[in-house]
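What follows is a group of structures, each given as structure tokens.
What follows is chain A paired twice: with chain B in the first complex and chain C in the second.
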Partner chain A sequence: MTREGWIRLVVVAAAVAALEIACRTGWIPTTVVIPPSAMATSLYDILVSGTHWGDILVSLRSVAAAGVLAIGLGFLVGAVIHALPPVRSAAEPLLASYYAVPTFMFYPVFIILFGVGSAAIVAIAVLLAIVAMISATLIGLDRIPRVLGKTALIMRMGPVERAFRISLPAAMPYLFTGVKLAVAYAFIGVIASEFILSGAGMGYAIAYAYNNFNNREMYGLMLLIVVLVTIVNTALDAVDRRLQARLRR
Partner chain B sequence: MKSVLGPAAVLAVLLLAWEVLHLAVANTGLPSPLATLMQLVVLLGEAEFWAHASQTAQAFAAAVVLSTVGGIALGILLGMNRTAGTVSEPILVNLYSLPKVTLYPVVLLIFGLGISARIAFGIMHGMIPLTLFTMNAILQMKPVYRRSAAVMGLTPWQTSVSVVLPAILPEVITGARLGVSLCLLGVLIGEMFASRNGLGYMVMHAMERGDMPTVLAVALLLAIVALLVNAALLALDRAWRH
Partner chain C sequence: MTVAALAEVADVSAVEDRHVRLAGVTRVFGRPGTPKSVHALGPIDLDLRRGEFFSVVGPSGCGKSTLLDVLAGLSKPTEGTAEFEGRPIDGVPAGVGVVFQEDASFPWLTVADNVAFGLRRAGVDAAEIARRVDYAVGFMGLKAFAGAYPAQLSGGMRQRVCIARTLVMQPRLILLDEPFGALDQQTRLLMGDELLRLWRETSATVLLITHALDEAAMLSDRVGVMSARPGVFIDVVETGWEVERDSRIVSHHRFGDITGRLWEKLRTESLKHLRDG
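For the complex of A and B:
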């Protein structure tokens, strides 16, 4: 590990230790925040007793569905827009300012349309995630070096072979950045909509525990989400870095 | 002119798709664009709507001011030292992509159920991108700027205000654009959960009554306001880049 990596570890550990001490000495009352060690044991109990596996699976299934839909549809829409320059120049200003709009406010609209359940949750998560993938696809297809297209011509490749052996690998680093963002947005969309209004899932379980003053379980679940999302993001980020490094070779 | 025509055409297509969808689902509750617009006009004439809107506006304004000041200050602090920057960047990036809504109960437990919880939640959303952009802008700043500041014997405070801040202004504006829209999102999500006022509450309340025109009208209004704020900051960005 690099020197910065060690310092980072020490900083995070010191922050956790400070919180632990502040909670244990009663400087922060346990009705507000419970000590990190208690959060960890609560998380362990949750995982061993199996009371929340149903919620965990519901959330992960929604995230997976939203992620796959956003990445697939986003790539498709991106590829189509890229092939039609007039449509692209018309749509681009809207795509650029899309994330300024609080899209999440349309979640109640989907609830009225689809009812409370995973359909509304997946729909809003796809809406949040898809534009990141569309933008990444446009950038990726733009950055394919022209010489590669000429190479495909010389080798007399058909359109399908050209797409799979030239265009996709060449655009991959940019596409993967879109994948990474889409997954992060899918997580945010799913957990947030479960938290605001739903009947199952990790976000719902946290809201339920909060409403019932069950701090111990609430913090255990929070730790679970923070750890889970951190692991997923770090893994995707590692792949992303490796692909980006390939670009600079 | 052409740059306006294209997006206008896309918007027209979107409106048309909305109208078609409205006709397709018929009575299941998706009002037409016209009905939504009319509901919006009705809402704009109601005192209750303005009471909710002013709650949201107050929380949003406070969150924007505090997160801008805090984000720039923290970004400068971390960016002045290369080690501090490289140490904190992955932590900040991870915090940025975390579903912060999971942490909202903690904010509620600390700040109570009032407007301050929503302001704090807005700051949580808006401050991180600004910190990241400010920090990276300073780390990538030409070293000659800082050397000249050292040669002129400026104090750290003078260096920040008269050398660093003007040099990184474009990136700060870009970060602020992202931060402002996230502040609005944070405040609204805060209002949607465990709140009795604000536009977020109004939307949730209308949904519980199945009052779809109000839900759509408020969501649409917020989208338009967000786009206008974004466009204003974008114009500022362009004006200061030259």
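For the complex of A and C:
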């Protein structure tokens, strides 16, 4: 492990230990936060008992659907905008200010359109995630060195072959940053929407536990989400770092 | 055989020896005659002999790269004709390889995969690809880096990857657009040696665009000196070097004469470029 990795581990371990001590000594009432060790045992119980496997699968399915849609549509929209400079000039200020708009305020619209359930949740998550992918696509396509385009011409490639053999791999490190962000936003969109729009899923289960004063289960589920997101993000980050390393010249 | 018949044979051999021909080539960007149009090049008349090493020097912005684009089929002449192996250049001709000044290696592929890229596209069988890649990588001194990615290499090594990628395709005409422009003087001299080796090995015709007079004088059989924009050839200098030569030629007593003559022609044009911008 790198030096930075060790420092990160020590900081996290110290924070967890401090929270454990604060909870165990009564500085923080257990009605507010339970000790991290209790969160861990709660998580273990949740996984072993299988009571929330259905919720976990519902959430992961929604995240996967929203992620795939946001990445696919975001890339397509980004590529089209990139190919049409006047459209880009018009769209870019809107894209830049997009995240100033609280997407969740549109949830009544999505309930009307899709009803209460997964479709509305996925729609909100896609809405939240898609612009990150559009922006990454624009940046990625902008950053393809002109000389690679000339090389493709010299190699007598057609537009389709050029797109797949040159443009896509050349833009991939930037596109993957968009993928990483889109997945993160998909998680946020799905879990947050489940609090208000769903009868199943991890977000719903947390809200249900909260409403029933079941702190132990609530924190166990929260820890589960943190662990899941960390695993997914670490895996994506490893790929991202490999791709970025190829850009360093 | 009559004298007339002998003369005809001589003509035919001259045509066969002519690998590239530019006749009255001009390149104007924008609609010719309009205020916003830019007359970048020409008229240019140039014949390249098969297997010769020809360099082009000229002030910045004189149209050197435009000339290369016309030869590579990346840009159409506004007037005049460009031919390669007797056929008009319309699009990128088969048998032409180009090495650009900028790093054109593919960062997502290893050195070996970069070099094999064109061969795989061409459907060459795996054993032949392996043989040619191995040779080209070894020839360019990259054997120890065959599995490395371009990001792990120096600028000079990445340029060698691009040259190797061109070399494996066995082009008959190699166009080089200031390929060593970003390298330091010592590396440039050594890369020049490798280029000369490559030229001798492949017997390809080479056209090198460069701003470095010493590079042109050292590498070339002939050096064309271009005027400030619109670029036309104001002189073509025969160097008279032996085919077997390398960078040690810079200490030859005639080397100074050649670079001196090139600079004499170029100085006025460069001043013109500086003055007119």
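Quick notes on this one:
Convention: the second predicted complex is superposed on the first by the 248 of 249 C-alpha atoms of A that agree within 3 Å, B and C clash if a C-alpha of one lies under 4 Å from a C-alpha of the other, contacts with A are read in each partner's own complex, and residues count from 1 in each chain.
Everything that follows uses one rule, which is that a contact is a pair of C-beta atoms (placed from the backbone, for glycine too) under 8 Å apart; a residue touches a chain by one contact, two chains touch by 3 or more.
Just so it is clear, the structure is predicted and the values come from calculations on it, not from any experiment.
Partners chain B and chain C fit side by side in the overlay (superposition on chain A). Of the two partners, chain B and chain C, it is B that touches more residues of chain A.
In the overlay built on the shared chain, the residue A:S49 is in contact with neither chain B nor chain C.
When both complexes are overlaid on chain A, the residue A:F195 reaches chain B alone and has no touch with chain C. In the superposition on chain A, contact is made by A:A170 with chain C only, not with chain B. Angle at chain A between chain B and chain C, computed from CA centres in the superposed arrangement: 100 degrees, to the nearest 10.
By the touch criterion defined above, A:A245 reaches chain C but does not reach chain B. When the shared chain is aligned, chain C comes close enough to touch A:L148, but chain B does not. After overlaying the two complexes on the shared chain, residue contacts for A:S97 are found with chain B alone; chain C is out of touch. Superposition on chain A places chain B within reach of chain C only down to 22 Å, the least C-alpha distance between them. In the superposition on chain A, no chain A position is in contact with chain B in one complex as well as with chain C in the other. Chain B meets chain A in the complex at residues 3, 5-7, 9-11, 25, 28-30, 83, 86-88, 90-91, 93-94, 97-106, 108-110, 177-178, 181, 184-185, 188-189, 192-193, 200, 203-204, 206-207, 210, 212, 215-216, 218-219, 222-223, 226-227, 229-231, 234. Touching chain A in their complex are the following residues of chain C: 72, 74, 91-92, 94, 96-98, 100, 102-104, 106-108, 118, 121, 149-151, 158.
The residues of chain A lying in touch with chain C in their complex are 145-148, 150-151, 153-156, 165-166, 169-170, 172, 245-249.
Here chain A touches chain B in the complex through residues 3-4, 7-8, 11-12, 31-33, 86, 89-91, 93-94, 97, 99-102, 104-106, 108-109, 111-113, 184, 187-188, 190-192, 195-197, 202-203, 206-207, 210, 215, 218, 221-222, 225-226, 229-230, 233-234, 237, going by the rule given at the top.
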